[in-house]
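Sharing a structure below in structure tokens format, with a few things to ask.
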Amino acid sequence: MDPLRTSIVDAGPTHLRVRGHNVLELMRHATFTDLIFLLHHTRLPTPQERRIVDAILIGGADHGPGAPSCAAARLVVSGNRQSPSAAVAAGVATIGDEHGGAGTRCMELIATGIARAEGDRTRFAAEAARLVDEARQTKARLPGFGHRVHVDIDPRVDVLFTLARTEGLAGKGIEFARALESAVAERIKPIPLNIDGALAAILHDLGFRPLVGKLLFVVSRVAGLSAEVLEEYTREKPMRFRFDVEYDGPPPHPDGE
Amino acid sequence: MDPLRTSIVDAGPTHLRVRGHNVLELMRHATFTDLIFLLHHTRLPTPQERRIVDAILIGGADHGPGAPSCAAARLVVSGNRQSPSAAVAAGVATIGDEHGGAGTRCMELIATGIARAEGDRTRFAAEAARLVDEARQTKARLPGFGHRVHVDIDPRVDVLFTLARTEGLAGKGIEFARALESAVAERIKPIPLNIDGALAAILHDLGFRPLVGKLLFVVSRVAGLSAEVLEEYTREKPMRFRFDVEYDGPPPHPDGE
Amino acid sequence: MDPLRTSIVDAGPTHLRVRGHNVLELMRHATFTDLIFLLHHTRLPTPQERRIVDAILIGGADHGPGAPSCAAARLVVSGNRQSPSAAVAAGVATIGDEHGGAGTRCMELIATGIARAEGDRTRFAAEAARLVDEARQTKARLPGFGHRVHVDIDPRVDVLFTLARTEGLAGKGIEFARALESAVAERIKPIPLNIDGALAAILHDLGFRPLVGKLLFVVSRVAGLSAEVLEEYTREKPMRFRFDVEYDGPPPHPDGE
Amino acid sequence: MDPLRTSIVDAGPTHLRVRGHNVLELMRHATFTDLIFLLHHTRLPTPQERRIVDAILIGGADHGPGAPSCAAARLVVSGNRQSPSAAVAAGVATIGDEHGGAGTRCMELIATGIARAEGDRTRFAAEAARLVDEARQTKARLPGFGHRVHVDIDPRVDVLFTLARTEGLAGKGIEFARALESAVAERIKPIPLNIDGALAAILHDLGFRPLVGKLLFVVSRVAGLSAEVLEEYTREKPMRFRFDVEYDGPPPHPDGE
């Protein structure tokens, strides 16, 4: 087989470098968030960038065992106590466009809108309206808007956008996300940006690629999944979940089979 | 079904708290590493504890696409481009006692040795020797020792133990791990502590439960897996892996079937 | 939580039925393929339908450890020997539109074409040509065509279509699939139907929903993945995979970090 | 990298063979159960062996969405609608010693007991009693006994053992399993063999290795998981699961963070 090529890690018996940075030096001086930024970007973050990425990672980490990702991880612990990593893996697989993973599609939406406006802020409202109308026509759900618990406002969005502003990092991504929010309110009904949408706007402004929207949520949520798995192992018995089930299929077959 | 109980996250329409701490405040002031510590421990870390946990998380994050966890994640991207989270999940499932997950069993070994010595440091050498002899009798591999690349010494171990000492966090866990290393060298042959072993010793000293040894490696490695998945998506074509295969089973069946 | 509703299984202390059929009776008289058909359809198969579904399931089961799904499963065994099911799971996650999972999109293509032709066979050639042209315009790959090993012809396709004909089950699905194949040859170049495409045509004719195209391949391949996992456990050592890796990223960072 | 070796599949541009058998011929004449047997054994089954393996595979396939494996698969569909295979994978990962996977450990138990008795049937009762006593001393749960729904008797066990007898396949495995059941009833309390235990006894008598106990259950259950995933996609909305959660951790932190 051809060698696997990578531009991320240079590992050998004498060295271990991530994007050219010596891992031993990073271990001595950097934070895990620095490394996460470096792994997904091309360079280390500034202190301001580190601050906002820390906030993003904290905001997505855990919503308790009722979130589908956490519940799936706990179910695996319940049936398979041989592999804690398999439980975390099942939780990770639960993350998709419908659960925590809307950041990627929202980043694509923001990038499309800004590109159509050719970066001209005066055209953001018009392009946002056009995107909302297009979504309505195809009956597509707008990624990054609405939350089943935080119906009116997701307070984490405000924290993130305030941080972005005070750290001097608010750019066109946030501006276009707010334009989308206004267009949604005008043309459909008020549906607030959710944390996926806020994350998408900020990651756009930090120069990340759209796929990072979903992946950074995964990195964040794994911290919570891991803690949920730890608690399920140490507090709960195997096979404890007992769902009520209602059968509404065909009646018993007459011939007994 | 009975409600799912949790002692970690208290989430509601008006609040989101992790072990009593307001997540909005954590987003404003804490680091992701603080949150990881809080999720797996009972409290936030001191600055010294945060420093060493950052070093641990950085040290385990990525060893390049040749590591089984990374290769598995990239294979999934290669065949299933619909779900980046499924690729990360496959990488996570690859982590076991044989790959990155020895921290848990090493923490159990250290805890057993210290308990048998009743915490008395003068008895560590004797108890370490006893554990090594027991492992030899059952032909069990000692978890936390040896590395297929870092044969002589894993430089990350030195960085971690130096940090633990300078931050004033080196305790009985590190001491017992070194006692084990000496006993291995005397009774078998010199096999250095690897990063799983170093992580185990330090996490013991920080008061974490043994299962955290494996789980913190998962949290750490997911940062790397996520970046590998991003690179595979953005640089490589689907279905690019072409392994050489050698068949050594029964010959063609005579009757054609 | 609301009860989970299901139209498939009625399970209780005194009975276990699948779509109304008593499982004990099925155990006594039916085959596993009967049950697979029943689970994904609304009824048991005829003997002719059972024959062709057996052939489909056999055809997709295993292509050796070089297939990405098998390689991923073996990598998990290599690193995580605590959970054979986690290894099978990683292999399953590798199945996507690019690897074994094209059956679903091909079934959708066939259903679209037949619907556009309003079921009129004389219009199949024209509608197939239109679909091929649409795919060319959007540069989309036609699902169900081409194979990296079976470049000229996939002999399993011929076996399946012959069986469908001799069992009296060949319908519009197969006819439209052949029309697509001709249109591809005329308008692009000869690219043979692959097994995903053949499976799609036949499953359409048997009345399955498009999603079954991907799912039946999963059911089929799991038989092979399971055997590969068994062999990896019983013949091979942990951590045996050694990929060559080539780093082509940034050079060492000047400041040592 | 060294070539991957396999004794199962010989695949090339001109042929595809499983353990020497031409897959095209198998597609024409064999059943999926034949292939599953061949993949996990060294040869094709006799008609009697096929019958009993069909019964085993049917018995384990699906217990409805309340089983942890099915619930986990449905949760993944609920959050991640991009990858049906990821949902099946999460269901598979849920299978462990505690859920469907006890067959392997029960096969090991049976093999141990028969080996200790040196195959002498007159010694089975004594060796079974010894194994039960050993389990009681270490407080280990006996694999293959008890079921949370089928408390008194699992009717599938009777069907399987009757089939084994009428097909002339009942051997020492079944006999030793029954000896274990009697020893459990005498020394602890009546706990009936469950389907894992019945499967273990029969697979022992058919000459399968212990790991097959768990793997054949996976193969079987995937048929059900796949159907559950299909139903969740086609009948249910994303993010529909709403678990009740009860927080019993530390109270709100006084300093607001």
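When the chains are written out, they are named A, B, C and D in that same order, and each has its own residue count from 1.
What we mean here is this: a contact is a pair of C-beta atoms (placed from the backbone, for glycine too) under 8 Å apart; a residue touches a chain by one contact, two chains touch by 3 or more.
As the structure is a computational prediction, the values presented were derived from the model and not from experiment.
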Chain B and chain A - chains in contact with each: C, D
Angle, in degrees to the nearest 5, of the Cα rotation that carries chain B onto chain C: 180
Pair joined by the larger number of C-beta contacts - C-D, A-D: C-D
Chain whose mean Cα position lies farthest from chain A: D
Inter-centroid spacing, chain D versus chain A (mean Cα positions, whole Å): 36
Chain centre separation in whole Å, for chain D relative to chain B (CA means): 30
For chain C paired with chain D, centre-to-centre distance based on mean C-alpha positions, whole Å: 23
Contacts with two or more other chains, residues of chain C listed in rising order: 1-2, 4-11, 26, 30, 64-66, 71, 80, 82-83, 85-86, 89-90, 93-96, 101, 241-245, 247
Parts of chain B lying in touch with chain D, wherever the complex brings them together: 1-11, 17, 19-22, 25-26, 29-30, 42, 80, 82-83, 85-86, 89-90, 93, 243-253, 256-257
Complex contact set, residues of chain B against chain A: 1-2, 4-13, 16, 18, 23-24, 26-28, 30-33, 35-36, 39-40, 53-55, 57-59, 61-66, 71, 74, 83-86, 88-90, 92-96, 101, 149-151, 155-156, 159-160, 163, 209, 211-212, 214-216, 218-220, 222-224, 226-231, 233-235, 241-244
Touch list for chain C against partner chain B, complex: 1, 64-66, 68-69, 71-72, 75-76, 78-83, 86-87, 89-90, 93-101, 148, 238-239, 241-245, 247
